[in-house]
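There are structures below to look over.
First chain A sits with chain B, and in the next complex the same chain sits with chain C.
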Partner chain A sequence: MRSIKEINEKIKKGQVVAVTAEEVIDLVKKKGVKKAAQEVDVVTTGTFGPMCSSGAYFNIGHSKPRIKIGGGTCKFNDVPAYCGFAAVDVYLGATAVPDDDPRNKVFPGEFKYGGAHVIQEIVAGKDIRLEATAYGTDCYPRKKLETLINIKDLNEAVLFNMRNCYQNYNVAVNLSDKAIYTYMGMLKPKLGNANYCSAGQLSPLLKDPYYKTIGVGTKIFLGGGIGYIAWHGTQHNPSVKRKENGVPQAPAGTLAVIGDLKQMSPEWLVGTGMLGYGVTLIVGIGVPIPVLNENILKYAALADGDIYTQIVDYSQAYPQVVPGSLGEVNYAQLKSGRINLQGKDIPTGNLSSYSKARAICEELKDWIKKGDFLLSEPVADLPQAESGYTFKLLKERPLA
Partner chain B sequence: MREKVEKALDRVRPMLMADGGNVELVEVTADGIVKLKLTGTCGCCPMSQLTLKMGIERIIRQEVPEVKEVLAI
Partner chain C sequence: MISKRIVLHFPHRLVNQPIVYKLVKDYDLQFNILKAYVTQQEEGLMVIELAGKKENFNRGIEYLQSSGVKIQPLSQDVIRNESKCTDCGVCVPICPSGALAVDPLTRKVHFYDNKCIACELCVKTCPTRAMEVHF
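And now, the complex of A and B:
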């Protein structure tokens, strides 16, 4: 029907027809897939939710005299970063917390400050306290460095998230008789609430369920700037059971993403503490889906009612890795604010902001329409549903 | 002080309402503690603590510096 090259020509001429993942649903209902596919060139998707496997690497520049932080220690505002690289390259993980954070000693811990907060402050242009120690060498004699740093002075500041953008996710509930604190939020006892985490019908990988257009090298909206899909994300699991419409019924594909932190915004990278669990980074991601044929549009027009996920008990089943589901619901049911499980009417809550996801879809659409964002051709496929690629548990073996 | 807090809350409400939530002002104590009730989807939102501390408290304290803390009840 059309190629990415042809779409880019239309973007350059200001003639592209771009719609959001929400708008396309009504459009396809009204006009049918065939007609809508003739009209629409690009569908913009988006998501804004907590994504723990995120972080950023920095080259802080060489001090005078030189220091080799590699093999030493490094802290940003007291939050330890990983420095097992060369002299002045460090990686700060979103979930890192200061050594003196009480963590869960007084349960549930508050996790008020960590790597994700530092990343947000760096992006906001705030000065950050850097403290590093080193063992010293002939060519890098310095053993201690204490300085303020600012993103504008760093050589490189790159967001590199190894697992983001989950394609579908569990609904978390608690069957036990006490409250539990999880990465899915606080879960009240005896099915007191149900938390989910997805933008549903706006979510990138749910709108291209077989990764027909999204691949390695796809240009994306990342944290308010431009990023790229670097690889499939860790725990990518495309082989899970799918509905007839192609949508996985459980957590499936994931993305590893990369982009220049200097272009990003603290509005779309937000550090937060999950009570009793830890620190995490809320990441805004938007992915354009080029309408290369009718089939791609058919998937892009899937709505909340077409997308199902599993309800999982986080008091026993999840921590003990007991497979199985308490039930299946779709995102229209979840978004209604209540679901029924085991005869009980349960309030639902979303960790992912639908309104912010919608804003990302709109922003990306705007960039494309203005000619500021050309689509890229993926350079390699993500592991596909039929590839046999799957997510394995750890096989523990005795050390001796 | 109550009126000033209500005014600040009016700035916050559109953001909450975008995700189906809202907030009611319950009490402003003489020592600067603001007590709120999160309603709508905010009432069962797993991210409500983030909204309360990073969104609502930040804006209220910016607009009404005499406020010391904002609590959800």
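And now, the complex of A and C:
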């Protein structure tokens, strides 16, 4: 029907027709897939939720005299970063917390500050305290460095997240008789609440469920700037059961993404503390879906009511890795604010902001319409649904 | 009938006085204590729902003020820091009084401070700590 190259020509001429993942639903309902596919060139998707496997690497520049932080230690505002690289390259993970944070010693721990908060402050242009130690060498003699740093002075500041943008996610409940504190939020006892975490009908991988347009090299909205899909994310699991409409019924595909932190904004990278669980980073991601044919549009027009997920008990089943689900619900039910399970009417809460995801869809649509954002051709497929690629548990082999 | 949620600040000298008892006995008011503690400044703090006939209610409030109790409406004490809230909605099922709700159209989270009972459950469970208490 149309190629990415043709879409880019239209973007350059200001003639492109771009709609959001939400707008496309009504459009297809009104006009049918065939007619809508003739009209629409691009569908913009978005998501804004906590994504723990996120982090950023920095080249902080060489000091005088030189220091080799590689093999030493390095802290940003007391939060330790990984420095097993060359002299002044370090990687700061979102979930890192200061050594003296009480963590869960006083339960539930508050996790008020960690790597994710540092990343948000760096992006906001705030000065950050850097403290590093090294063992000293002939060519890198310095053993200690304490300085303020600022993103504008760093050589490189790159967001590199190894797993983001989950295609679907569990609904978490608590069957036990005491409150539990999880990465899905606080879960009240005896099915007191049901927490979910997805933008549903706006979520990128749910709108291209077979990864027909989203691949390695796809240019995306990342943290308010421009990024790329670097690889499939860790725990990518495309082989899970799917509904007839192609949508996975459980957590499935994931993305590894990369982008220049210097262009990003603290509005779309937000440091977060989950009570009793830890620190994590809320990441804003938007992915354009080029309407290459009717089939792609058919998937992009899937609505909350078409997308199902599993309800999982986080008091026993999840921690003990007991397979199975307590039930299946769709996102229209979840978004109504209440679901029914085991005869109980349970209030629902979303960890992923639908209104912010909607704003990302709109922002990306604007960029495309203004000609500021051209689509890229993916250079390789993500592992596909029929590839046999799956997610495995650890097979422990006791040490002799 | 009038019913209001208010925050009472008891100065140190009043902490061991039976103030609420007098509200019941002398002014025929109903009370529901939502929260009560002594702060680090040794000031007594009580979040209370007070109900009764309008005339009695006003006289009761006058009595509190003349005794030296400082009174604030509850809605001024729990606030949402709009710059931190991401409108995710994970607070909504945690809130026991329905003060936090998702707008079905905009999907933004509304905070109805008149319904808030200052239980503070949302304060620590909010991932970005957007709910703040200013007693």
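Assume the second predicted complex is superposed on the first by the 400 of 400 C-alpha atoms of A that agree within 3 Å, B and C clash if a C-alpha of one lies under 4 Å from a C-alpha of the other, contacts with A are read in each partner's own complex, and residues count from 1 in each chain.
Throughout what follows, a residue touches a chain if its C-beta (ideal position, glycine included) is under 8 Å from a C-beta of that chain, and two chains touch if they have at least 3 such contacts.
Quick caveat, the model's predicted, so the values are computed rather than measured.
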Exercise for the section: For A:225, decide between first (touching chain B), second (touching chain C), both and neither. Expected result: neither
Completion exercise
Per residue count on chain A, the busier partner among chain B and chain C is C
Practice task
Check whether A:48 is in contact with chain B, with chain C, with both or with neither, and answer first, second, both or neither.
Solution key: second
Exercise for the section: Scan A:259 for contacts with chain B and chain C and give back first, second, both or neither. Expected result: neither
Fill in the blank from the handout: Check: chain A residues flagged as touching chain B and also chain C 185-186, 193, 195, 270, 272-273, 275, 337, 347-351, 353-355
Handout entry: Sites on chain B touched by chain A in the complex
Key = 18-20, 41, 43-47, 49-50, 54
Handout entry: Residues of chain A defined as touching chain B within the complex
Key = 184-186, 193, 195, 270, 272-273, 275, 337, 347-351, 353-355
Handout entry: In the complex with chain C, residue positions of chain A that touch it
Key = 48-50, 108, 110, 112, 185-186, 188, 192-195, 270-275, 280, 282, 335, 337, 346-356, 358
Problem - List of chain C residues in touch with chain A within their complex - result: 86-94, 102, 104, 106-108, 124-125, 127-129
